[in-house]
Every structure is written in C-alpha cells, then in structure tokens.
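Structures are listed in the sections that come next.
Shared between the two complexes below is subunit A, which has subunit B as its partner in the first and subunit C in the second.
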Partner chain A sequence: MQNAAMNIEDKGGDQLVLHVGPQHPGSGHFRIIVTVDGDYIVGAKPDPGYVHRGAEKMAEYRDYIQNIPHLERPVIIDATGVTLPYVLTAEKIIDVEAPDRAQYIRMIMAELNRIISHLYWLGIYGIFLGHSTMFMWPMGDRELFIDLAESIGGTRVTFSYVVPGGVRNDMPTNFKERALKTFDYFEKRIEEYKKIFFNNPLMSARTEGIGTMDKKDAIRLGITGSNLRACGIDSDTRKDETYCLYDRVDFEIPTRKEGDSYARCIVRLEELQQSMNIMKQVFDLIEPGPIKQVIGGVMRGEPGEAFVRTEAARGTMFYHIVSDGEKNPYRVKISVPSFRNLIGMTHLLVGSRLADMPAIYWSLDYWPVEADR
Partner chain B sequence: MPSNLDTENQLVKSLTDQFKNKIKTEYVKHNRIKISTNQDNLKSLATSVKELGFEQVISHGGTDYPDNNVFRIEYHIICVSKKKLRSIMFSIMTEISKDTPEIETLIDIFPSAEFHEQETYENFGITFTGHPRMEKLLLPEDWDDIPPLRKDYILPGRG
Partner chain C sequence: MVNDPTLNLLVGKASDILDNTLEKNVREPIRFLVNWGRLYSLWPVHLETACCSIEFGAASGPRHDVERFGMLEAFGSLRQCDVLVVQGTVTRKMAPRMKWVYEQMPEPKWVIAMGACAISGGLYMDSYNVLQGVDKIVPVDVYIPGCPPRPETLIQGIIELQNKIRKSKV
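Moving on to the complex of A and B:
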C-alpha cells in the first residue's frame, strides 16, 4: 500500500493523476494509480494490499486441518481451487494419498468451482461493459451450480470439503441425475450468452483489439491461466503436470491467438463447456469405494518440504510448504494467479484509453482478495 | 507415477557440467529439480536455467532460519511454451546471512519476479539490489514493526 493522497493530482500540462479505487465500485478492494494524458493512459501503478491479512504468517500458527478453512478465505468464490493444492501439498508432507473415488469427487468439486467462479466473473464483466442482462443471467445460473456444490460440500461457497486423505463426505446418490439436468439447461444457456453478449457488436467493439498482449510478453511477464491461453499458449496445469485423476479424462484446452480482452473472455466461456465435459466423464468413471484414508491422531510430517501446483479458476495456484516435523507447518508460501497476473495490468493499461480501463481490468479476472492473501 | 527421470537428469547434468562444484543438487525427483548455490553464483545460475528453456517465475519466497542465522531464498521456475519441459518445476535456492540481508535482483533475467521480490522485501526485510521499486506492496504503509514473516515476529495474542 502507498500513501493515500488526493484523488486527482494535476501534473501540469495535459497530464492528470487519477486514483481508481479502493472505494471505486469497479475496482474491488484495490487501487490503481493511473496517469492520463488527455484520454490516454501514460502510466499505471497498481496498489494492492487493502485486504492483506497475512495468511502465510497465520498458517504457521495453525495445524494442517485448521489451515484448510483458513486458507480458503482469500478465494471463497473458488474455494476448491485454493484448498485443493494446499491439501495435495499437505498430503505429500504427511505422506498419505486419497483413494480414487475421493480424487474423482475432488475433480467434480474443482470443476464446479471453476464454473461458479467464471460465472461470477462474467456477471461482473457484463455490468462493467454496461450490459445489465449479462450481469443477471450468469449470477442467476451460478446459483444452480452453487446448489450442486452445496449438495456435496454442505455450504454455499466455503466448503472446506477437501481434506488430507480424501474428502469429507460422499456425494448424494442422485447427484449425477441432478448435475446432468443442470448441464443440459446450461449448455443451452451458453448459446444464449453468445447471442446476447459474445456475438453482440457492442461487446466486440468494446473488447476486440483492446488490451492486446502478445505471446512473448505473456511468457516474459509470468501471465497465467485463461489470460495466458488467450495469447495462444495451450498451457494448463491439469495437462502439464496432471494431478488428481485428470489424466484419465479427455478435454480440450481452449485457446485464442489474439491476446485481446475478447479472447480472454471467449476462452473463459469455452472453459465452462470443458468443465462440464470433464464432469460428465467423471460420472462414468467413478466407482463405489472409500472416500477417505483415515489418519489417526494429529497430522505431522517428516521434516522436509513439498510444492504443488494446480489449475484454479484464475490460473496456476502454487503452494510450497516447509515442515520441521511439528504439527503446524514451518512455512507456507502461496503463489496465487491474481498476484502474478497483476503485472500484466500495468503492461496492458499504458497506451490504452481511460474509457477502455474497465474492459481491460476485468478481462484479466483479477481478484484482489486472492492477490493480497 | 513414471520413474523415468531422463529429462530431469539431463537438465541437471548440463548445469553441473557448466558450474562444477559451484552448485549443489539438492534433489532430482519426478518433475522436481532443486539446485542450491551461493549468493554470488545465483544470478549466473538463473541465466543458465533460463537458457535451458525455463521462462517464468511461478513463485519466489524466503524462509527464516533463526538458528542458523540465515534466510533461505528460492525461485521456482517453470516453462509454459515447450511441451517437453512443461511438467517440470525448477527450483534454485541460496542462503544469505541475516546480518546482511541483501542480494542481487533477478528481474533483469525473469521480469515475472518483480512483485514476488517486492513481497519478500517487505516480509523479510531482504533488499534486492537493482530492483527499481524496493517499497511496500501489500503491507500497510505505516507498518513499522519487524518484517512479519521473520520468526521473531509473533502474531498478536499468540506469544
């Protein structure tokens, strides 16, 4: 965080310094200080940290189980996306492995959460492009996926469902039928989304060719997730370094070459379909069996370290845990996708028009709470 | 899990051939390589790792070891464009004395490390020389306590 000053500062000539956020409804809990020359942005300095709570430090005071709900808090809209890599890392430390059925249910929860998170983003993106229908439709449809996840995890968004050794409880018996019904409905809705929003000339005018990042810059700056795939790189941790049982399902990695705001949006839209495809295959593959390897007593690992990455909704989520053999981890390092994508924001905003700022900012799906931890 | 470590061993060999005893291979496991070196060689090691094809810093952080009076600094580096290297995470590590917590920045080799290094600076008090913005990023601007991820900083109410 930097010193708060006046919201507008006259730099002389035609330049003005504008503070966008942290109370701005379009910024989230985040400020970006932009220098504008007329209508063009000539400088952009992100100022994160407004919701920094020191999650890494606090994790050193909690044991491996207590850390699950604790580390879920930064990304409650993608709760499984943030807890799954933590649990996979903890499993390496305490040396347990979840049974197959648990791995499949984890995949279902991770994909449901990806859809829940993407739909939230799509609603926000719609409203900031001035399209209120595209705010209401995804927010409404998101509830259907929340209902599905709730029937497994027990709560609407913060499930704390994945635990070392497996998952907390089994799926309800009629889950497959309910899910397939929702998927049927939602596949039709995706076509309607395209008609009203993605194929809408107004949407194209606001996003095509806006905030373009080329492949080389995306690699150089460490861009991750859908933002990277929109630049033509088909990198997805689910395939790059497979985890759970993603190697047993067949799915595509949506990519685009353009690297603009539109490409980032359409990649996410296509990922919704891929997530449903993964879940449909899991329904056919999953077999009855145990859902948890029971671990007796307090979980402790041998002194050592482990690091794991997974594909969360916003990109690669990375955990590095160091253990000294005690019941609490010695050090937990979390590298979140929003924090790594933040560097791309400066890169994209400089040279753009101020009016394009919401279209660029939200196309990156930046989640301030995740970045700040 | 496949036990074939050919790619990993090949990568490590090309570095050991170049650096000889200046680097130490901490471990080579499936998809994981960790190499440590001393503070002075970190930059040239990073350059060589980049030449091998690793392009992005996925994570960088420190760990405080007060008993040895050192900070351990690590960079975890991945490749996103070459299919053969995508599954591997390459970690390079060094230790610096807590008495002189200063090390050269790697952002001229890996620009993706910029914010990560800034975070390590504020959380451990480690200065990265050559980094253009050694200032607070996530912490409140009026934070005047010891850097919070050092072990001697005790969370309020937990002491």
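Moving on to the complex of A and C:
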C-alpha cells in the first residue's frame, strides 16, 4: 500500500490513526479510518458517502421509465443486475408481466453482466495483490463479454435495457453462435487463470486464512451474495425466491467452507462458469415470440406497495416501491449488498494486519458507488 | 546625439531583430522540447469520484491501452502527477477533497472533466448533493462528454489535451 497514510494522528501509546482514502490507489471512492497498534489493526471506522447522489429521492420525481437510467448508475458494471429488480418491482405496481422471451433475454443480460462485473473485480484484485498480469487478462477478456452485451443492449456498460413490460429490443440473430464461441474460449481461459493466479503460491499466501468470516457472524451481519456462500451457506436468491424464469434452468450454487479471502475468490471464479451454463441452457429454451407487452399511455402504478429481491453480482439487491397511484413512485427504497458488505469489512479488518487490508477489502467486492446510492 | 530619432529607430529595429532571432533559435526550440517532454508523459492522479472510473479502468486495459498515447495508469502519489481526471460526479462531500488534491499537485497541471456529471451535473442535475460542474471549483482544460464516455472518447480527450500542451507557453 503506497502512501497509505494520508493523515496520521498520534493517539498516544503505541497507537496511530490512519486515514485511508478517498485519494488512495486502493480505496476507491470511500475512506476508512483505521487505528493501528504496530502492524495490527485495532479499530476500523468506515466513512462512506462520497458518492451519495440521492438516487432514492430523485426516483420520487421521475416516472417509472425515467427512473431506469439513473437507478442503473450506482452499479454500472452490473447494469442489468441493478435495474432488473427495479423493473420487476415496477411491474408488480403497474401490473404488467413480460412475455417469456423477454424473461429469457433478461436472464441472458443478467448473467452476462454478472460475468462482466466479476471479471472487473478479478482484474482489480490482481492489482491489489500486485499481480499486473491478472489485471490485463480479465480486463481483456471482459471486453469480449462487453461486446456480446453491447450487441444486445447497444452500448458498452449502461444499457437501460430492461423496461417494464419486457425488454427494449430483440437480440441479434447470430447472437447464440457468437456467444458460444466466446464461452468456448473463456472456458479455456479460466484454466489459465487458475494456473497463473489461483494456484499460485504467492496468491494463496496472501489470501488463505486472511479475513476469515465465521458462518454465524456472516448471518448476524447480514452479508449476502458470494461472500455469504464462501462461508458455507448455499443461499442464492435465484434459487430461493426464483424470479424471471430461473426455475427452468439447472445450475449449481458454488460454496466454500473456509470463509476467507481465498474462498471468496474461488466462489466468484466458479460463478463465472455457472453463469455460462445458465446462458447455454437459455439458448436452448428460448423461443421466438414477442419481447414486450406494450403499455398504452403513461405508466401509472396502482396504489399500494411491492418489493422484489434478486441476485445481483454482489449479492441480494432489494427494491421496495410505494405507490400512491400517480405516475411517479411515492417512495423507492433500495437495499444494496455493498452496504452490508461494508459492515462485514469493518468486522474483518479488526485484528488483521495493515498489509492484509487490500486483500480483505477487495475480496468482499465492495463497490462504494453502490453502497452510497 | 542621444535624441537623434534615426538612431532610436535603428536601436529599436536592432532589438526587434535580436528578439526575433532569440525567439526563433532559442526560445522556440526550448519551448518545443519542454512541451514535447511533458505531453507524452502524463501522470494522472488516482482520484475516483464516481462510476466513470470503470471506463477509465477499461481504458488502461489491454484493448484500449492509453499508455500508447503517452498517458500512464492512474497513480497514487500526488507529487508526481500532472493530470487530474475527474471521473464523474463530484458530490458535496467529495468537492473539498478534490480541491485539496488539485492544490497539492505541482505545476504545471491540467484537469480533464470526464463524463456528463463532471461537466454539468448530467443525470444528477436536480440532485441535492451533486456539484453542478467541476469547473466551478477547479479550472478545466478538456471536457469529455458521455455517460460514461467510451474509452475511445477518453483517448480522444487525452489527445486534445496534448494538442493544448503543445501550443502552451513555457
């Protein structure tokens, strides 16, 4: 960690207070104030909110369609993962249902986005551990999946593709062939990733047994997603509260028992394969048909409330919309996985070494923009 | 003798000629050399302000590779940096930090406003916590539109900045 100390405060005795971030190569857009005693962290106080843009408030004075682009911005790496739960909730309020083909295309986009997001995470994790090759490889392979998503959604990362009633446009005719070609290539690459990174003794020395989360603590702190699965709990919203047509495809939930940084990495790596398996099955299931249920006039919600939980790349994404019958939602509440992972991070950092901080921090896949909303 | 207008004219002409020669043969090459050195070794600060940082990261990836154009990857130490790329939305909490970062960078320094949010608030034009354009607090040299700008657009912005540096005074 180069220039970890932006701000040093002497607490007397052997303790020092270090401010890590917001201008720090490893902090992203947030700050964490750690108290160190020698090399060990004895206190960690996160200071999020550097990217708080008031998405929930803004959602109150935009209508259901206008809300999609700005609710996508908190996690543009996982654009479909964050808009899909919003759209599903809005569909409950407006009382429309998307046709089967649209549901399948949504699943394809959600899984593509999961891969794109995980590969971004993997690249940055490589940098965090000082492994530049592992930045270049996933970032390069990520572009192939971005190309696939771009051919459906029309832009590199911010598609705003899922809309109430279906999806915006159909996928191109040769999509299946292109996708299968990419998957073939990427499956071979995963083996190479394992050779160069995951089975590398240096990598395991820096992550194995580091930042170990207990099963009970994970449940108590409300950790979700891959971080929870790495503690040995096979919880996946795609299976637990199935949405879209995830009940028609067959996939495994990768889990690990150890709960350390290495387990979290391996779980994410295996999820890449599972996402590709889901998409392959969807290609066989998908049939020609309409992609959108056209809604005439302005979309108006029925008075009432609805909520939906989905599995985004970082964990469970939860939307709660209250409507009073107007064309704007009355209240939109977003509960994001990153914020809960932040609580987990504070818990894990205390007691570990300062040098292990990057390895723990990014193994949780904490995305500050998402946590701040 | 001293007040002779012809002589005054002569002296004036001579100093003009001298100035021109100096300009052409000494200052111009020095300016060219200094600018040339600066423009192909831009060091951006590692200050992420919002979601545009993803495309900034993708631009340093292997497909787009901004290093080809003489801009290095984001770097941690402010004392070595000369470009501040404002990667998206600047909120009220981030704004003072960004100004400090800018003030700590050594001269000469340039600022690129990346993304609609950094230019004018963009999508968050009516948000209560977003600075409506970073040029209110730091001087901006190049604006890169987009939400987020594609890596190609970022590269074009960097080339625009290099053109600006090429013409600048030393």
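Here is the rule we use: the second predicted complex is superposed on the first by the 367 of 373 C-alpha atoms of A that agree within 3 Å, B and C clash if a C-alpha of one lies under 4 Å from a C-alpha of the other, contacts with A are read in each partner's own complex, and residues count from 1 in each chain.
Convention: a contact is a pair of C-beta atoms (placed from the backbone, for glycine too) under 8 Å apart; a residue touches a chain by one contact, two chains touch by 3 or more.
These numbers come from a predicted model, not from an experiment.
With both complexes brought onto subunit A, simultaneous placement of subunit B and subunit C is permitted, the two fitting side by side without a clash.
In the overlay built on the shared chain, the residue A:220 is in contact with subunit B alone; subunit C does not reach it. By the touch criterion defined above, A:120 reaches subunit C but does not reach subunit B. In the superposition on chain A, contact of A:140 is made with subunit C only, not with subunit B. Of the two partner chains placed by the overlay, subunit B and subunit C both lie in contact with A:57.
In the superposition on chain A, contact is made by A:49 with both subunit B and subunit C. With both structures placed on the common chain, the touch criterion links A:235 to subunit B but leaves subunit C unconnected. Look at A:99: by the touch rule set out above, it reaches neither subunit B nor subunit C. For the three-chain overlay built from the shared chain A, the minimum Cα spacing from subunit B to subunit C equals 5 Å.
Shared contact residues on subunit A (touching subunit B in one structure, subunit C in the other): 2-3, 49, 52, 54, 57-58, 61. Those residues of subunit A whose C-beta lies close enough to touch subunit B in the complex are 1-3, 48-49, 52, 54, 56-58, 61, 215, 219-222, 224, 228, 233, 235, 240-241, 307, 309, 316, 318, 320, 322, 330-331, 333, 335, 339-340, 342-343, 372-373.
Across the complex, subunit C meets subunit A through its residues 45-51, 53-55, 57-58, 60-63, 74-78, 89, 91, 93-94, 97, 101, 123-124, 126-130, 147-148, 150. Across the interface of their complex, subunit C is touched by residues 2-3, 22-25, 28-29, 49-54, 57-58, 61, 69-70, 73-77, 120, 123-124, 135-136, 139-140, 142-143, 156-158, 369 of subunit A.
Taken in their complex, subunit B has these residues touching subunit A: 31-32, 55-61, 63-64, 74, 76, 78, 80-81, 86-89, 91, 110-116, 123, 135-141, 148-149, 153, 155, 158.
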